[in-house]
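There are two complexes below, and they share subunit A, which is joined by subunit B in the first and by subunit C in the second.
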Partner chain A sequence: MNEPGFVAKTLLLTRKDLRIELRARDTLVPMLAFSFAVTLLLAFTLPTTGDNERAIAGASATTVADVLAGFFWVTILFAGLIGFARTFETEQTEGAIDALLLVPLDRSGMFLAKALANLIFILLVEAFLLPLFVLLFTLDVGSGLAPLLLVILLVDIGFVAVGTLFASVAAQTSSRELILPVLALPALIPVFIAGADLTSDLIAGGTFGTLVEAGWFGVLIAFDVILGITAALVFEFVLE
Partner chain B sequence: MATSPTTRRSRNLKLLGSAAWGLLALSLIFIFFVAREADDYPGGGPLQRIFYFHVPSAWVAYLAFAVVFISSIAYLRTSERRWDLLAHGAAEIGVLFTSLVLITGPIWARPAWGTWWQWDARLTSTLILWLTYLGYLFLRSLTRDPARSGRLAAVVGIIGFLDVPIVHFSVRWWRTLHPSGPTPADPTRSSGLGGPELLAFFTALVAFTLLFAWLLATRVRIGRLEDEVDRLEIEAERPDRGPASGIPVST
Partner chain C sequence: MIEARGVTVVYGRTVALDRIDLDLAEGVTGLFGQNGSGKSTLLRVMAGLLRPSAGTVMVGGRALDLREESFRRRLGYAGHDSGLYLHLSIGENLELFGRLYGCAPNAPGTILERVGLADRTDTRVGELSAGLKRRAAVARALLHDPDILLLDEPYANLDDDGAAAVTAAITAWRAPGKIGVVATHGAKRVKAYADGGVILTRGSVTVAGTYRPNERTEGAGAE
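Now for the complex of A and B:
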């Protein structure tokens, strides 16, 4: 009989997490609710002009782009941390972690499965949040949409890699919810500054060309590659 | 009678401490009485002398976090307690010296830049570094079991250190006010320091490095003694095992 390979097993584990979520809906719903609440808060706090302009009263277009990009990523950051903290929640009860560890799959595959599930969660939140921003802040992405989606994906990869790893670390301690932001926030600062900066450029009319030339684009890719690979490698030492 | 390894180790530690503090005293003399040339420049004088403490502190901080990184990898590979003690001690010292960097920097920046703080790339990255290792120490304080605590901390120590160059490289794409010395891209760029100033600076640098080595060795020694106390306490709680007779208790 053919034993399924690394990719098949990893995807199987991801499917397991997605199915659990589909039935319980206890990760994605709080994430979405949180991101929605923050967005509404911002919509009421930011004084936008009435005449259908995507301008905050008295501010230049660049400032508006900076502010909106910053708020978008802050919302994602907090929504993500809320969700990622629950990464190992299901495995914490009734010794399910032992069953997970018995899966004949390399630990890096287990990490990929968890990270992939988290990536799908955060992408769903963004699929909800981006249109909401477009609607509420009359955000005009236009031709910048394709590069913006690329930036979002690149930020997500770094975010999910660090978030999933530190969630596994936090799950091994007594104060899970407390320690995850303490560990993850400093590590995530470069990826979110890069994301906010690039998003701001794109909102202000940037294109694929300006994106690729921006220094932060390189920072983002370096972060994803270096921390993504390292996280997958050291994960096996967390689960023992 | 040959001296026991413990006595020899403790003598070496004393020697290292004397060398570090002696050289530190010498560097103070150099800094305040020899390096006077820069006094005549604008921005020189007493203010410029912060440089002799600020830069060596930053160097020690980076050195300490590099030690955390290397010891963390070694600990994950070998599970040997000494690597964990080394990583823990180096992280504590690194946080201490990063704090010194973050204190001396603004004291200089206030008169020189007219502001205590700038969200400049290098300042921000130093702050991130400080927060990262505070989190590292916080994590260590949460877990009682030393093996688990060491394993989890090692993972954070590795990720935290790899984050440093990424943050640092962003200096090139973000505005910076921070002065920098010769760089690989511009090796001809002068640091603006004369002979006496360089003498004072390098003496301080060596003194700080020795101080780091001494603090680290002392911290590891304290860690070993703490382990020993734990071991004796466990033995004392088990009267059935008899008096401590050098039987190694699993740690």
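Now for the complex of A and C:
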């Protein structure tokens, strides 16, 4: 016997989730459909200035940046919650959760595998949504693209940690789609406020320098570390 | 040796298991009883998947703790459901679990051959009949050649050929030092090869004994 290590087993489980999603298409597709519909709706409800730019008439560039950042993160938030609610769906249909609980792998590995799969799903949604925002809102991220991608990744880490943990709690109830937002949203508020604030700065022309100097940047990193470690540790007790 | 002492499981106002005292030595033990007698609950407790309301389960002289990876490595369990992923083929499922347990690459093929599913390797679990799923579940539980095997209704929905294949797989697995518990409400098939039997009635052990002629007790004649 040549038993793989912690990382290899974790990646095996993530690969399994991705393979199942490729076949079932019941997580990513609803997330993308929701994101597209909401973005389209927002784009047509936002007044234009008349010079082919979608912006709030008479509003300053900072206000427009605030609104667009809010639109972006609210869309991601709810698209993510739609997908995360299904995190343990495949384990529950045929009792695979029991088989998985008996596998010789630390519970944190199970958590990381699920979180990694969720991170990939949400990154794919963002990879679709960001160009859509650029297109529909004539968003000019320009030199702010790299720091924006960093902010997106940092928000996602906290989002996925909380979302995956509470998805495991919600999975044990009959109304998980309703329970998950109720449980997760309070814990996610700081992460998304930080994300919206930093994104707004970058849309308004901020650079990597202004990002690092912003107070929310540190808050976001701190939340990621705290939420990530806490979620991985608490996950075992949720399963128990 | 698996020792249960005073194991009690209470669901709300229902007592599913009532102060069970049981010693399970090496060999295969049939766990019999009508629907609702507590067979599945007792298996889940012995697998560590359900914490009893009271009492303890000891495995090899140590308190059962599912958090111990070494215990999980020794255990094979198939519950009411198959424990498999519907969107993966039988082969992909067993390959996944085989790698997680560190089995040899040919282990899935060998066990599928044994339960008579070698020709279904590429069939997705979601496309299998209930009987074939049952056989696949038994294959998953046996995959890593566990020291302790807990099977809940392995003969459910099986035709005679399927039942014979499952029996062959269980008897091939049996070896000195290994402990197997096969829960079923139809005792005939299990009695054909079991070393002992336990009858549960409404959460209590009413009969427990062995089937070997020189050790035969009151359990031997129980159906």
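The working rule: the second predicted complex is superposed on the first by the 234 of 240 C-alpha atoms of A that agree within 3 Å, B and C clash if a C-alpha of one lies under 4 Å from a C-alpha of the other, contacts with A are read in each partner's own complex, and residues count from 1 in each chain.
In the analysis below, a contact is a pair of C-beta atoms (placed from the backbone, for glycine too) under 8 Å apart; a residue touches a chain by one contact, two chains touch by 3 or more.
Note that this is a predicted model, so its numbers are computed, not measured.
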In the superposed arrangement, does A:I193 touch subunit B (first), subunit C (second), both or neither? first
By the touch definition at the top of the document, which applies to A:E3: first (subunit B), second (subunit C), both, or neither? second
Output check: A:L165 vs subunit B and subunit C. Expected answer is one of first, second, both, neither. What do you get? first
First (subunit B), second (subunit C), both or neither: which does A:V219 touch? first
May I ask you to decide whether A:E94 touches subunit B, subunit C, both, or neither, giving the answer as first, second, both or neither? second
Report for A:E177: first if it touches subunit B alone, second if subunit C alone, otherwise both or neither. neither
Scan A:F237 for contacts with subunit B and subunit C and give back first, second, both or neither. first
Which partner chains sit in contact with A:L185 here, subunit B, subunit C, both or neither? Use first/second/both/neither. first
So which bits of subunit A does subunit B touch that subunit C touches too? 240
In the complex, go through subunit A and note every residue touching subunit B. 162, 165-166, 169, 172-175, 179, 182-183, 185-187, 189-190, 193-194, 214-216, 219, 222-223, 226-227, 230-231, 234, 237-238, 240
The subunit C residues in contact with subunit A across the complex are 47-49, 51, 66-67, 69-70, 72-73, 75, 77, 79-88, 92, 96-97, 99-104, 125, 133, 140
Of subunit B, residues touching subunit A in the complex: 76, 124, 128-129, 131-132, 134-136, 138-139, 142-143, 148, 151-152, 154-156, 158-160, 162-163, 166-167, 169-170, 172-173
With touch defined as at the start, can you tell me which subunit A residues reach subunit C in the complex? 1-4, 9, 12-13, 16, 19-20, 23-24, 90, 93-96, 98-99, 101-107, 236, 240
